[in-house]
Amino acid sequence: MLRKYTEKFLKMDRRLIFALLTILMFIPLIKPLGLPNKAVGVSCQQVYDFIENLKPGGFILISLDYDPSTRPELHPQAKAVIRHAFRKDLRVAVMTFLPGSTGLIEEIFATVPKEYNKKEEIDYVVLPYQAGFVAVMTQLGSDMYSIYDKDKNGNPTKKMPVMKGITNYDDMSAVMCITGTALLDQWVLYAGDKFHVPMLGGVTAVSQPGYGPYLQKGQLKGLIGGMKGAADYEGLIGKLGKGTTGIDVLNLGHLLVLFLIITSNIILFFMKRF
Amino acid sequence: MLESLFAFVNKIDVASSVWVSSSMGMMLGGWLAAGLTIFMFSFLYKDNPFFKIAEHLYLGAGMGWLFQVSFFSVWMPKIWEPIKSGEDYLVLIPALLGLSLIAQFVPKISWVSRYGFTFVMGYGAGLSIPAELSTNFLAQISGTIVPLFSLGEPCLTGAALWGAFNSFLIFFGLICVLFYFFFSLEHKGAVKKVSNIGIYFLMLYFGAVFGNTVMGRFSLLYGRFDDLYKYSGSNYSYASIIIFFALVTFFVGSHFVDKKKKLKAK
Amino acid sequence: MKLIKRTIPLAMVFIIGITMFLSYYIPHEASQTHYVERMNEWYNIIVAFAFLLGLLSLFFTHYGKIKKKVDGWGYSIFVFIGFLAMVIPAFVSGGDLMIGANLTVLGWAYKSIFNTLQATMFSVLAFYIVSTAFRSFRIKSPQAFILFVAAALLILGKVPVGDLIWTTLLGWTGIEISGIVEWIMSVPAVAARRGILIGVSIGAIIISMKIIFGIERQYMGRD
């Protein structure tokens, strides 16, 4: 009898699991659990410390290479980092190799600069999409204006106040790539290691474990990973956003996965023996 | 003639921008977004026409977006403008090489596309050899062979010993993993034992990847649920809720129609 | 004809490959500025045409379906509708997503259509990972058990509720779950990933050399 029920349980319609997950994700969305996100990841803290220690007026190049498919994880990361850079009065240049991210970049720069009273062309510049990432990364090592002679609005970049004294990586305080692709690897390969520019990264949770070797060797100075990293960074800069609310929503879903793995294995274990 | 066309388009641009940014435009956007999201999710119940519509729209919209970004960010400023201004005619060479790729679709002249491909392949291959060698090969070896203790610092403290242990573990783990991937030697005896330890290191890595993947995928789902929740508000006229129940009604209705059809067929 | 069809392309890949390789070790102006810079600009332009292969292939396939009226041909119309829904607004707004604080019709289409569809398409995977975890995650060997332990620790350690559960049950040990997660990611995972990286880099170098020397020519298609 019991065996029959357990077999049924193991073969249950997967749509029931889908429904359960939906409910468990919606509950904290409607009524947040409000559990504090206490432990900040080491590599995320490294990114924060690196930017925090830069002198005002320093130049940071941020490559935002994510599109809507990874937006929930990476958009909060990008917003938090740009807020931090503006708060530290750093000059910011943003670029992308992903066509889908151009809209998301516009979304950020429609609101975030106003919070810190930052002006386009003076405090920041948004560079247009380029397709050939290897070419651009290599070119930024000698003269960036041969590729980025104009910003996304078609205005010449060379004479902008934000670009004063900037020709190539040597003049930059750091380069950061926030991406849902393998582009951070390429940045380390073609920019960080070759031109010795400090590299920072922001990646999805899925690819975060893959960057351990670069962090350990110092090829990456810091890394923000997934929604947890976004929540950590928002906490560090003291401006909570979608990363913090997101990590709260994930709580019950994570428990569900663990519960399902453990119960199915326990049931199978006993079914084999009895 | 062309100028008046541009002026007309500009007028449409401004007028449409005002409209889509109005509360009506935003609400319509909300209904569209909520509808497409729910259509996509409806596949989780079963394959249906609404999902197929959304799926095909996605294919087209993705390509459309890529096309417009390439057109306005690369083709116009990097090819058309330098030629138009007489600044640089040499950009015609890569433009032609790029266009040559399309020859793939015409079997008789498909060889023309080789010119574009060979440029891309030669460029990529030439650059990747030294970069891979220094970043992913030599730097990784030098990152593994590190001093266990730092000079001038006490080495019998807990932290120093723990650091030394971890450095050794990375070294040991790497050797074991490399043995696992080394197929020129038969995996038996000591080699098998070492490569088996390598598997444990790999399992720890893959476990970490799986754990993080769960978080990554749930984060994406949170993003969509967050939007659906937003569109279920009164300022969007309860778009998500209405569309959801309309779809449920459709599924219930089609279930009964199918049942009837089956009975008739019997 | 063989010269134009095969020899010149192969010579091109060899010359470009070798010169780009050598440029890495020649920090002279002639190499870095005159040659590499020009190559970079050209490569950037060529790659911007590559997506046309996908675009045309998609169009040919769905046009064929509509023309032959195969089963479900009506859906293929939506491919073209989706395409036009992005391209027409783009030409109206000159590729801009915003005018001042207002969205353009392109910005609106991006937000409501492209952003929605792409984000939802990928988020569906979350449901399948849960169902797979239930049906396929089987702890049948010591290796699978280790994989499970690492996964469980990461799943718990990344969310506040996991931290809470750990502190309640195992707080007395003085070990924090975040510490264990950090250790897994920075020690055993580094060893494993590094092994994979070294292997992949050797593979990439060999493939690149085969391409430069014309041994690997699959990308050239058939004669």
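Residue numbering begins at 1 within each chain, and the chains themselves are lettered A, B and C in the order written.
Everything that follows uses one rule, which is that contacts are C-beta pairs under 8 Å (C-beta built on N, C-alpha and C of every residue); 3 or more make two chains touch, one makes a residue touch a chain.
These numbers were taken from a predicted model, which means no experiment stands behind them.
S.K.: So which one's got more C-beta contacts, A-B or A-C?
M.R.: More C-beta contacts join the chains of A-C.
S.K.: What chain lies farthest away from chain B once each centre is taken as the mean of the Cα atoms?
M.R.: Relative to chain B, the chain whose C-alpha centre sits farthest away is A.
S.K.: So how far apart, in whole Å, are chain B and chain C when each is placed at the average of its C-alpha atoms?
M.R.: It comes to 5 Å between the two C-alpha centres.
S.K.: Counting only Cα atoms for the centres, state how far chain A is from chain B in Å.
M.R.: 13
S.K.: As a quick test, compute the distance in whole Å between the mean CA positions of chain A and chain C.
M.R.: From the centre of chain A to the centre of chain C is 15 Å.
S.K.: Send over the residues of chain A in touch with two or more other chains.
M.R.: Residue numbers touching two or more other chains: 18, 21, 69-72, 100, 102, 130-131, 134-135, 138, 194, 205, 208-210, 213, 216, 226, 228, 250, 253-254, 257.
S.K.: When you check chain C against every other chain, which residues touch at least two of them?
M.R.: Those would be 24, 39, 41-48, 50, 101, 107, 110-111, 114-116, 118-119, 121-122, 126-127, 129, 133, 148, 151-152, 155, 158-159, 185-186, 189-190, 193-194, 197.
S.K.: Got the chain B residues that touch at least 2 other chains?
M.R.: Residues 44, 62, 65-66, 69-70, 73-74, 123-124, 127-128, 131-132, 135-136, 140, 143, 170, 205, 208, 212-215, 217-218, 220-221, 223 of chain B each touch two or more of the other chains.
S.K.: Could you please specify the touching residues of chain C with respect to chain A in the complex?
M.R.: Chain C residues touching chain A: 24, 32-33, 36-37, 39-48, 50, 97-98, 101, 107, 110-111, 114-116, 118-119, 121-122, 126-127, 129-131, 133-135, 137-139, 148, 151-152, 155-156, 158-164, 176-178, 182, 185-186, 189-190, 193-194, 197.
S.K.: Report the residues of chain A in contact with chain C in the complex, numbered from low to high.
M.R.: 10, 14, 17-18, 21, 33, 35-39, 41-42, 67-72, 100, 102-104, 106, 110, 130-132, 134-136, 138-139, 141-143, 146-147, 194, 205, 208-210, 212-213, 215-216, 226, 228, 247-248, 250-258, 260-261, 264-265, 268
S.K.: Chain B touches which residues of chain A in the complex?
M.R.: It comes out as residues 15, 18, 21-22, 25-26, 29-30, 69-73, 99-100, 102, 128-131, 134-135, 138, 150, 152, 154, 188-190, 192-194, 204-206, 208-210, 213, 216-219, 225-228, 242, 245-246, 249-250, 253-254, 257.
S.K.: Which residues of chain B touch chain C in the complex?
M.R.: Residues in contact with chain C: 9, 12-14, 16-18, 20-21, 25, 28-30, 32-33, 36-37, 40-41, 43-44, 49, 52-75, 78-79, 90-91, 93-95, 97-99, 101-102, 104-105, 110-111, 113-133, 135-137, 140-141, 143-144, 166, 169-174, 176-178, 180-181, 198-208, 210-215, 217-218, 220-221, 223-224, 227.
S.K.: Considering only the defined contacts, which chain B positions touch chain A in the complex?
M.R.: 44-45, 62, 65-66, 69-70, 73-74, 77, 123-124, 127-128, 131-132, 134-136, 139-140, 142-143, 170, 205, 208-209, 212-223, 225-226, 229
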